[in-house]
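In what follows, subunit A forms one complex with subunit B and a second complex with subunit C.
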Partner chain A sequence: MKKVLALVLAVVMVLSLAACNNTPTEKKTIKVGVANIMTGESLEAIKNYYNNEVGPTLNMEFMISEGLSNDASGLVDFIDKAYASGCSGIINMITGSEAVNQGAQKCEQYGMWFCTNNSAVAADVAGLSHNIGHCGADPIGMEEAYKKAFSQICSDGENHSVFMYTCAAPGKTAASHYYSAIGVLEAMKETYSLTYTKSIEDIVNDQNPGEVAHDKMDQIHIYLCPGMDFSNFGQYVTACQTQLQTGNYDIFAACANWASFTEAIKGCESQLKKDIKIVGTMNIEDQTKQGLSDGTIDGAIINPLNVANGVLAAMIYNAVNGASANMKEAGTAQLLGVKPWACMSAEEYEIIANLDKEVGKFVLGGNGLKELTVLTNKNVTYKDMNNTLATLADIQKVVEFMKK
Partner chain B sequence: MNKKVKNILKTLAFPVLVFGIMDLLVRLKTGHGIISSMIDVQSIIRNAGISTILALALAFNLTSGRLDLSLGAQRLAGTIIGGSICQMLGLSGVWLLVFALAFGFLFGFLTGLAFVITRVPPMVLGVGMGLIWEVIPFAFTGGKGLNLYGMQGNAILNNTYFIIIGMVVIAIFCALLMNNTRFGYELKAIQGNQLIAQNSGINIFKNAVICYTFAGGLVCIGGMFTAAYETQLLAGLGLASNGVVTSNMFPMMLGAFIGLWSNDAIGTIVAALTIQIFQYGLTQLEFSTPNTNAINQGLFVLFLVFLANKEIFKIKAREKARIAEAREKKARMAEEKAKLAAESAN
Partner chain C sequence: MTEKKKVSSLKRFFESRLFNQLLPIAFLILLCIVFGILTDGRFTSLNSLKIILDQSLIVGTVAIGGAFIFATSNTALSMGATSLLSATVACIVYNATGSPVLMIVTAFGMGILLMVFSAVLSTLLNVRVLFVTVIMMALFAAVQQSLLGGGTVAVPFALVNDLTNSGVHYILFGAVFVVSIILFNFTEIGRSLKMIGTNRVCADMTGISYKKFLTIAFILGGIACGAGAIIAVIRAGSISTTSLASLNMDVMLALVLGGMSIFGGSKSFVYAGVVGSLTVVALNQGLLMIGVDASYIQAIRGIIFLILVVTSQKRPKGLPAPEG
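Coming up: the complex of A and B.
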């Protein structure tokens, strides 16, 4: 009897050891919530990227919200739902500082990893253990892109004046808008040797629309119009038309929603019989291609939409797989910057026109994406990710990178 | 002076006075007036036209005590879905308006039907229906909304004369509907007293459904004009769409007041024009959007206070006269009493 029992126990033990295999036949899918604010083609591009590229590549599943409003309550609500759905992390696209703070704290409470698509570190929550960082349009990159675009346009020796819709620039509500406006003001200052009466930061942070005061106002006009009230967006279009039709401005710049101003600008062009150049932050989409082709747009600052999204997904992946410390510096969340592409012609845009829209053509996809994760590089850090992003600033290098 | 002429002058006084004041302020700041080119005129007329249409839409239900909070969502749904289907069929221009109007009627009709069937208070129903209507264009377009950028054949929708004609046609239609049709008479009876109207044989439910239907159609026409000018109309959620429509309550109520000297339709046009001149002036004075909104809403509240108390001076004057008469009578009676007393003493 004792021998039979001993034999049975031994067999059970062997079978149990065999079951404790270190290489599971099926890896658990990582579920991530995406608190999205995009609508339109941009939303579709995000969904396509996450569901059809990142998901299969990294074995991740994404719960993407509808276009949330840019405030904390929508984000917190979504985090509650994501937690209930079993999400391990949140990719947050709501940039308001209060939203980021509350979102990070909520995720800390739930033990969910949290990262944000924006261009500034939220200092109040940077030390939270589950806040693994930020990735967005590189502020200095945006500033340099606008500076380059304006320097090019204004290099013809003529006096140019600009009306700029700075959207969410004041108070760095959207840091990329803030630095875009700074880039324009710097370019105008350098090109025309202007002396502003206030500091550039004070000018950009002014909530009221108005002409920028400087020492050559009889020759050069610069008008900044901030505005985030999208429920009454028509007011900004009216303000734009009011100023443009004075004839004082021949360049229009917009940090967002450039297409909504085109009818107003066309009206002014036909009234004044002059060409008003359009420069703005745009996405890789059909209307950008059309605008550059038919000459409506003179400069497109393209934020490669899905590069930041890919980096954030990789950060969550690394955190879930035990490498959260590598995403931070001494326990503090860091900022990774995606440099924009400045396209000043339809030919330049053609190189990137088909990027980031379909499987096989995403800038960060396949092996390129895997290289940012512990899947292929166990010691990957946020610095390695930043180095990769730096190489992607050059459109030619992007094309080479995608061949990986 | 002839009464008709007096009424015309009173009606025109509003936009003329506001124009004068704002023009002076703008000249003091900028050195030029509000109108410095045709673009200013076109901008004011376009915005006034859209505001008139939205105000007339609001008036259909609000004057009967029904605040429909789903109008903004109907505007989104009808404009986006109608416009998208129009694009799919390869149509453009006026067809966009026709499709928007058709879908606006549909969503308005369904909202009215929900109201008469469920008997839920209009404001509560409006919130619920609004949330539903907002989801439909969002789902239909995958969150994209309506994008008219680069679409050929839409120049007519931005043409000032076309907008003026559209606004006038709609205003005439509303005026005839309210003053020369059975529907209009019944609506006025319901506005007076709903219970008495019902007891006298008026079908208040049919009237309500028709009001909701017309309101839905009109807001979608306004929505399509806006979409044509801004080249897009984004699908939103969370009842964010309602602000655009409810912000036209001021022209609607001011229009009803000005309409005392003509009719509601003319009053609404004049009111919308007056407010747009005022707002355009504030834009030229470089007021920020929050400040402009605060000023607008502040004026609206002051106007409501005035409406609620406009008879107060007449009442006070009558009271004063009555008190004076009573005092005089009292003094006369005292005098007579003293006289009688003196006579009896003698």
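Coming up: the complex of A and C.
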């Protein structure tokens, strides 16, 4: 009896040990909070990308906020929630410099990795150990794209006047907006040989909306309208409508939220019986395609929305896996720039129309995304990531890159 | 006891002030238990509870002041704008002087000044508080925008860190809370405000001056707004034109969720806003922690709040209501 019992116990013990050895060791999922400011179609695009492409590829889980306000308090509250939820890092899409400073400091306190989707390095917090960098629209790329678009539109020999919503340009609150406005002013200056009464930098940094003073104001009008008060966005649409109704302007430009102005512009077009060209920073989405097809939009400066988002996820991945130093230069956070694509026609847009919208068609997905991480490239640095981004400036090269 | 008497006792209990006060607290406790279970204890960890408290401080503090005004059966819509302008001026004063004490004093002073301004206009011109405060809300926001010029005003992170580590925000909240409890429940001020809210005509006939006590309510509201302003600066370190944008609505939601009667009067209690604020934040945090998509959180919150409000709000049967 004792022998039988000993045998049974021995068998049970062996089976138990075997079961323990066979238990698959699950790789820990990296949980990341995304402090998001988008709503509508743009938000759905971000969620689709993070949840269905990046998550399965890199074994990451994303906690995406509802559309936060563009200030520090919303970001700080979200970071608190993310910390309580067990997130290892924050991808921040709130671009205000004070918000970035506060967010980085908060994450430093909590020991969470922090990176920002914007186009400028926050100097005050660049040296924090958990601030691993920035990725956004390449500011010089934005300037070049707007300059190219406006030079093309204004090259017909006619006098053109522009109303531009510069959003967060003053003080480089959003660097991409700042350089977009610079690009427009430079294009107008070169095309019409204008002499501005102030430097272009001073003009763009002026927080008060108004007409830009130059030596040919009887022929060419340039009106800049900055503003980030999204709780009272209607005031900018009203300002746009008021100026367009004077009949002095035939180009509308916006470095953000262009779609919010279209109804006002259409009203002015039918009232004045003139065509007002629209040029703006846009995303790969149906309303951009529709606008280029039906002639509503004359120039789309496309920010490939999810390329920066993918790079930021890769940065967090690398930091969590011990490669945070590779994301910096001598301990200082760096800026990685995503070059915009300038589409001046529906045909050009058609090449990229289906990009970045569904699994399998994301510019940065699958192996392309893995190459930016220590998962496949143990020594990857921010410079390697920047080189990859530089190749993505050319639409044809994007198509080749996606075949990886 | 006969069935009829039992039913009648139950009905009386559900309509009583005690039930109004207990239901939100019971709901909050239930919420914590449910989320604690669903998150394997992460929700009820010390860190998580501290974060919930920190996030509810601003709304909770301002709501304490709001309770004094709500008790008089009035609605003040300018508390958010008052806190915002007070915080803005306080930050500007700090940047000019480098004195945190002056910053705090300025916040309180501005809060009281702005709220008293609203009260004086209402009592002097005999215009309902609601209408005056709507106008003040727009006016204060415009003043703040012209002060900031579309930008932000920030204080150094070192100051924010020092104030946070010193627990200044907890001290401010605690002081406002304790003093308000005493004033509302144990002094003539509280009794008079509740009487005015129950029936202004009767209050007037018993010698309670509406103008005097409304002004006192607004002063206390202003103090709470000033404290809320400082806590907001400590939380975010900077103030922009979009900061505290939804504070007034959040305060009203917190008060209603906390069981405060929207009609004011005898069923008012001053800590309703604190309970309501904690409930809102706990619900937000809990839903996020269990993985609910952010898009659905608003909808779920709305349904829960609707149920809570419907079960707790009932027009009190009493003397004829004030006109208008």
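Please note the rule applied: the second predicted complex is superposed on the first by the 379 of 404 C-alpha atoms of A that agree within 3 Å, B and C clash if a C-alpha of one lies under 4 Å from a C-alpha of the other, contacts with A are read in each partner's own complex, and residues count from 1 in each chain.
By definition in this document, a residue touches a chain if its C-beta (ideal position, glycine included) is under 8 Å from a C-beta of that chain, and two chains touch if they have at least 3 such contacts.
These numbers were taken from a predicted model, which means no experiment stands behind them.
Chemist: After aligning the two structures on subunit A, examine subunit B and subunit C and state clash or fit.
Modeler: clash
Chemist: By the touch definition at the top of the document, which applies to A:207: first (subunit B), second (subunit C), both, or neither?
Modeler: both
Chemist: Taking the superposition on A as described, I'd like to know which of subunit B and subunit C A:227 touches: first, second, both or neither.
Modeler: both
Chemist: When the two structures are overlaid on chain A, which partner does A:41 contact: first (subunit B), second (subunit C), both, or neither?
Modeler: first
Chemist: Is A:69 in contact with subunit B, with subunit C, with both, or with neither (first, second, both, neither)?
Modeler: Touch status of A:69: both partners.
Chemist: Counting only touches as set out at the top, which of subunit B and subunit C does A:158 meet: first, second, both, neither?
Modeler: In the superposition, A:158 contacts neither subunit B nor subunit C.
Chemist: Once the structures are superposed on A, label A:85 by its partner contacts, choosing first (subunit B), second (subunit C), both or neither.
Modeler: second
Chemist: Per the contact definition in the header, classify A:287: touching subunit B only (first), subunit C only (second), both, or neither.
Modeler: A:287 contacts subunit B only, not subunit C.
Chemist: Between 9-17, 45-53, 189-197 or 279-287, work out which stretch of subunit B sticks into subunit C after superposition.
Modeler: 189-197
Chemist: Going by the contact definition given at the top, which residues of subunit A touch subunit B in one complex and subunit C in the other?
Modeler: On subunit A, the overlap between the subunit B and subunit C contacts is residues 43, 66, 69, 207-208, 226-227, 229-231.
Chemist: Spell out the residues on subunit B that touch subunit A in their complex, using ranges where they run on.
Modeler: 36-40, 42-43, 47, 138, 142-145, 147, 149-150, 158, 226, 228-232, 234-238, 240-241, 243-244, 247, 279-280, 283-284, 286-293
Chemist: Spell out the residues on subunit A that touch subunit C in their complex, using ranges where they run on.
Modeler: 36, 43, 47, 63-66, 69-73, 76-77, 80-81, 83-86, 96, 98-99, 101-102, 105, 170-171, 173, 207-208, 226-231
Chemist: Write out the stretch or stretches of subunit A touching subunit B in their complex.
Modeler: For this pair, the touching residues of subunit A are 38-41, 43-44, 66-67, 69, 74, 207-210, 226-227, 229-239, 241-242, 245-246, 259-260, 262-264, 267-268, 271, 287, 290.
Chemist: Inside the complex, what are the residues of subunit C that reach subunit A?
Modeler: Those residues of subunit C that touch subunit A are 42-43, 45, 47-48, 51, 54-55, 145, 149-152, 154, 157, 160-161, 232, 235-238, 240-245, 284-285, 288-289, 291, 293-295, 297-298.
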